[in-house]
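In the two complexes below, subunit A is the common chain; its partner is subunit B in one and subunit C in the other.
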Partner chain A sequence: MPEFNPKIVPLRHKRPHRRIKISGFELLALPYVTVLLFLIFLPVLMIALYAFIKDSGSTNLIIFGFDNFIRFIGTPENIVTLGRSLRLALIATIICLLLGYPYAYFTAGSSNKSQRILILLATAPMWINMLLRVYAWRQIFDASGSLNAILGIFGVPEIDFLATEIPAIIGMVSVYLPFMILPIYTILRKLDSSLIEASSDLGARPQQTFWRVIFPLSIPGILSGITMVLLPTATTLVIPEYLSKNNYALIGNLIEMKFKNNGDWGYGSAISIVLGIVIMALVFFANRFDRFAEVEEKGAKR
Partner chain B sequence: MIKGGKNRFKKFYFAFMLFFLYIPFVPLFLFSFNASRSLTNWAGFSLQWYEKLMVDADIALAVINTVFIAIIATFLSVLIGTLAAIALSRSRKVLRDWLLRVNNLPIVNPEIVTAVAMLLLFISLGIPTGYLTMLLAHIGFCTPYVIITIYPKLRGLDPNVLEAAQDLGATPWQAIWKVLVPQIKTSIIAAAAIAFTMSFDDFIISYFTAGSVKNISIYLYTTKRRDPAVNAFSTIITLIVSLVVIGNHLRESRQLKRERGLLKENEKTI
Partner chain C sequence: MSLTQTPRKLAKSVKKERRPLIEIQGLTKEFDGSVVLKGMDLTIYENEFVTLLGPSGCGKTTTLRILGGFEEPTSGKIIFDGKEITTIRNYDLPTNTVFQRYALFPHLNVFENIAFGLRIKQKNATGWRNRLKKLLKRPNVAVDFGFTEEIIAGKVKRMLKLVNLEGYEQRSVTSLSGGQQQRVAIARALINEPKVLLLDEPLGALDLKLRQEMQYELKDIQINTGITFIFVTHDQEEALTMSDKIVIMKEGEIQQVGTPEDVYNEPINEYVAKFIGESNIIDGTMLRDYLVSFDGQEFECVDRGFSDNEAVDVVIRPEDLDIVEPSEGLITGVVDSVIFKGVHFEIDVKTSERIYTVHTTDQSPEGKKVGLRFNPEDLHVMEKMTYAGV
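Now for the complex of A and B:
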């Protein structure tokens, strides 16, 4: 906590009791600092502690080591699971981008009234509990679900959709699509229309204007959309549980299993740390890419 | 303003997207009114699953838990977050930067990592998991979002206004309550809405920290999958959400129209 420093404060020394000094204002953050310390910082510290604790065979003795991490890397199935999580998340993110960009683009180009309605239609499902939406897809893809019932009318034999990865990908896309549409739309809507006019005045065809002017300017929106979709899809617990046959299909389910069924906390913590680091690295690279875009922009201005 | 592409493609595209976004709800609604247990074969109209829902004590308890926790967590996280945002907007840069960095941890961290971390903390401190730990966890993940909603708004305000209020004789608390808070009212409401929905819909963090307590999400996750009563429950939730969302949209539209009307009147008088 800051100490009272008369050299800084004397401006209003006539009525010191009336004025909140900087330190006084900082005191308002005390409950928040407590929350940050005990509910955010300390838990992360605990996870690190558990991950590095080695089984010493005695409760009085604590030894640290990389055992849990070595066990994780040494189990090929885990690496496969992590790889599958990232691959499915990446596919879902790309589909979200391909489907979501036109939505944001067309919406930004509509009248104010249609803009509000189109954004409302895209975001309304977000307010409904995610488990319910995934459960709804499950009823479609189930072996005795709606899709098979409809296909059955046309004489198609029952297909076991849940044995494939398609339902999980569709589930990811439908749940996280709004997170791709919103940031791109926000950027496109704010785009300076004089830039587009200038581009066409200077003889660019609409397509050229799009690829050379509009698209590069929307990259920050795309990147935040990618982060907002990639992060939850790579770590999802619910979607593989409902939309695939293999319950422990993705890394989130693996962590769940270690904590809920096995009580293998140290190992579960190690997996969580690996996952956290991988995800943060992805986010970091996305942001770096954004910075390159900024630098290019600045360079172009000169 | 961007000019849209070919009209026919655009119409087809939007039709496809809306189909994709809303098709899952169709069987969900349909089979909540089914007379049989089947989720594929229509056996006639019936409200039996809604009746079953009304007498289901587990669902009722899950709803009560969810609402109860969401209200308390929202109130406390908005209170803590608002005070902190005010403090941060006036604090030294070093402190602010550090706090905002820690603040971002649960936002960039995968939810499941946050959940596991909180569970480990409660276990280590010997706090039995239940209502209290669930509430603490919810405060923990809602508060950072309150900060990132309110803090940018505060930074955009003129800092001299608060000083002026104090110069004119307001006590510090009066200055905050009567001058600062009204200026950030909309952000506070937005933060409360975000905190409430996040707490209300949370699954992963509650699942790990609530012990045997069940909120709606945990109930759905742990209950038997193929139960038409769950369809009935989903239909009710979807209906409530739709009404709130549409009501909100209409209110905003009316407000916009009124503002535009005022603008036009002003132009006339000028």
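Now for the complex of A and C:
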């Protein structure tokens, strides 16, 4: 008996020790890790793999190369489409910011009851299917749509709105505006009112207080709003599909076309990756403006 | 009320020779139907360190916020330097505030936090409206448009020196300790050279040691700058240490205004006596001037002006009571409990009528028969309070 014990004890000692390390609080991260692995990491890896696979002419032979990327950059139309996508996304984001900031500011400054109503109003469109809303805009802007019908009353000749970028931009703004309002509203609501009082106490007029205290402190909210609008608008598929004619196809449509119509997965993946890199660069660039985020982090560390 | 005040009122009117800076007249404030201030009258003089003292909900912070222009009174007037300022917005007031939680701007460093007020002044002076105004007045004269960068830097440097934070210009305010943030807040307020500095429980968030240090520093700063300080606190020790004048408030009304010595030694009623420190408060009868009776005995005192045989409260501060041999005492009793408090012992002495609390540096064993002694000037006779509860 005494000879067995020393052998068993160290084993038992080790096992629970190791198990506690994994099975404790960290177990809660398991669902997230699973999602991360199967829904984000693996797909991205697959896209990356496809993007670098060269068309070898045979299904048995896999050759890696930059062919798809070279083909994308080498086609001026693609670059034009990418540029147009980013331009429309930027315009829509700026309009969202210009509309959303005052709305968020006004909401954060009203009474608790009004705040609830105003946020409800801002988010209410999100309850309705996006396709439906976009299609409704199409009905308005269509050549035989309601806008032309109304303008016709005043003798304005029929305008082909869908041939312009305007319906797409309006569609993007209407769909993604809540994503700009919410983060800005959240940060403005959290803003310590004594900072505003302090600024006023030091002689700043309300307008000066806004530009010197409130606005700089709301930059983190603006940045997350920009990220949350810029990313989906740059890659949107449905909006240009319904709210513009083919000559205004955006990068999302291009990717879709490569996958669906041409079956050219490698090329489509390459375009996705280029788009991803460009957006990442944009977001990174935007975050450089956020001096306050650094300060806040430092504060949080204390 | 007037009866008890007669001797003190005379003494105070002699002191009042300075110029009144702020006159608060009949200040009333209601929030959603509940009255927070009930017609407050107060005069504050130049270079005074005035403390508004009272428990939370007594209206002291509301008073300060009205003075700072953050709230408008429901009725009443505030006259500042001869001009009425009751409805003037806070950004136009010659007051600056040190907030309870400092309210430093987290996106600005120490230098820019302190320079904030000057930058606003600079901006206002160089703004197009002001330029236009000056240009129309004297088109040919080059005018000085406020502070240059050097002047601002110099002023900030001087302020940092005043609050002992030299070399901290570029630090982020969020990296500072509570005490350091407090100093930045004071510097930020003082750089505008206000006539009055309002301080809303500014030491509340600091630990005891730091709080005591800051009390002396604040007093020094007040003396050095000659600015009137209006300080709000619920801490009687803070009030006694720093103030020239203490205003004790309760439920929106002023109970007593006086120097720290006044309110400590001559509390006007039981509420003030209890709030301003530990006390033995005894029911008594004022037999006639200079003679009071309580616990079935008669004692000499220094108070006068009550009606004969008026019921009064008598206050004896614990440190004014001496424990002596039973034969030498004015009252005799038995030591009931002894608690060591660091600097002194807190000893409860049980007499036939009540328990007296005594603060003394000499220990007495529990159960010992002792006498209690006090001098006539240690008895503070007050009019009885008429309202319920304290």
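FYI, the second predicted complex is superposed on the first by the 249 of 302 C-alpha atoms of A that agree within 3 Å, B and C clash if a C-alpha of one lies under 4 Å from a C-alpha of the other, contacts with A are read in each partner's own complex, and residues count from 1 in each chain.
Here is the rule we go by: a contact is a pair of C-beta atoms (placed from the backbone, for glycine too) under 8 Å apart; a residue touches a chain by one contact, two chains touch by 3 or more.
The structure displayed is predicted, hence computed values, not measured ones.
Novice: In the overlay, answer first, second, both or neither for which of subunit B and subunit C A:P216 touches.
Specialist: Touch status of A:P216: second partner only.
Novice: Under the stated touch criterion, which partner chain does A:A204 make contact with: subunit B (first), subunit C (second), both, or neither?
Specialist: Touch partner of A:A204: subunit C, not subunit B.
Novice: Quick one: classify A:S194 as touching subunit B (first), subunit C (second), both or neither.
Specialist: second
Novice: Is A:A234 in contact with subunit B, with subunit C, with both, or with neither (first, second, both, neither)?
Specialist: first
Novice: Is subunit A touched at more residues by subunit B or by subunit C?
Specialist: Partner touching more subunit A residues in the overlay: B.
Novice: In the overlaid three-chain picture, which partner chain does A:Y50 touch, first (subunit B) or second (subunit C), both, or neither?
Specialist: In the superposition, A:Y50 touches subunit B alone.
Novice: Where on subunit A does subunit C make contact in their complex?
Specialist: 192, 194-195, 197-205, 208, 212-213, 216-217, 291-292, 295-296, 298-299, 302
Novice: Taking the touch rule as given, give the residues of subunit C at its contact with subunit A in the complex, in rising order.
Specialist: 68-70, 89-92, 95-97, 99-101, 103-107, 116-117, 119-121, 123-124, 172, 174-175, 188-189, 192
Novice: Using the touch definition from the top, list the residues of subunit A that touch subunit B in their complex.
Specialist: These residues of subunit A touch subunit B: 2, 18-20, 22, 24-29, 31-33, 35-36, 38-44, 46-47, 50, 99, 102-103, 105-106, 108-110, 116-118, 120-122, 124-125, 127-133, 135-140, 142, 144-146, 148-149, 174, 177, 188, 191, 193, 196, 206, 214, 231-232, 234-235, 237-238, 241-242, 252, 255-256, 259, 265, 268-269, 272-273, 275-276, 279-280, 283.
Novice: Going by the contact rule at the top, pick out the subunit B residues touching subunit A in the complex.
Specialist: 1-5, 10, 13-14, 17-18, 20-25, 27-28, 31, 39-41, 79-81, 83-84, 86-88, 90-92, 95, 99, 102-103, 105-106, 108-114, 116-121, 123-124, 136-137, 139-140, 143-144, 147, 166, 171-172, 197, 200-201, 203-204, 207-208, 216-217, 220-221, 225-226, 230-231, 234, 237-238, 241-242, 244-245, 249, 252-253
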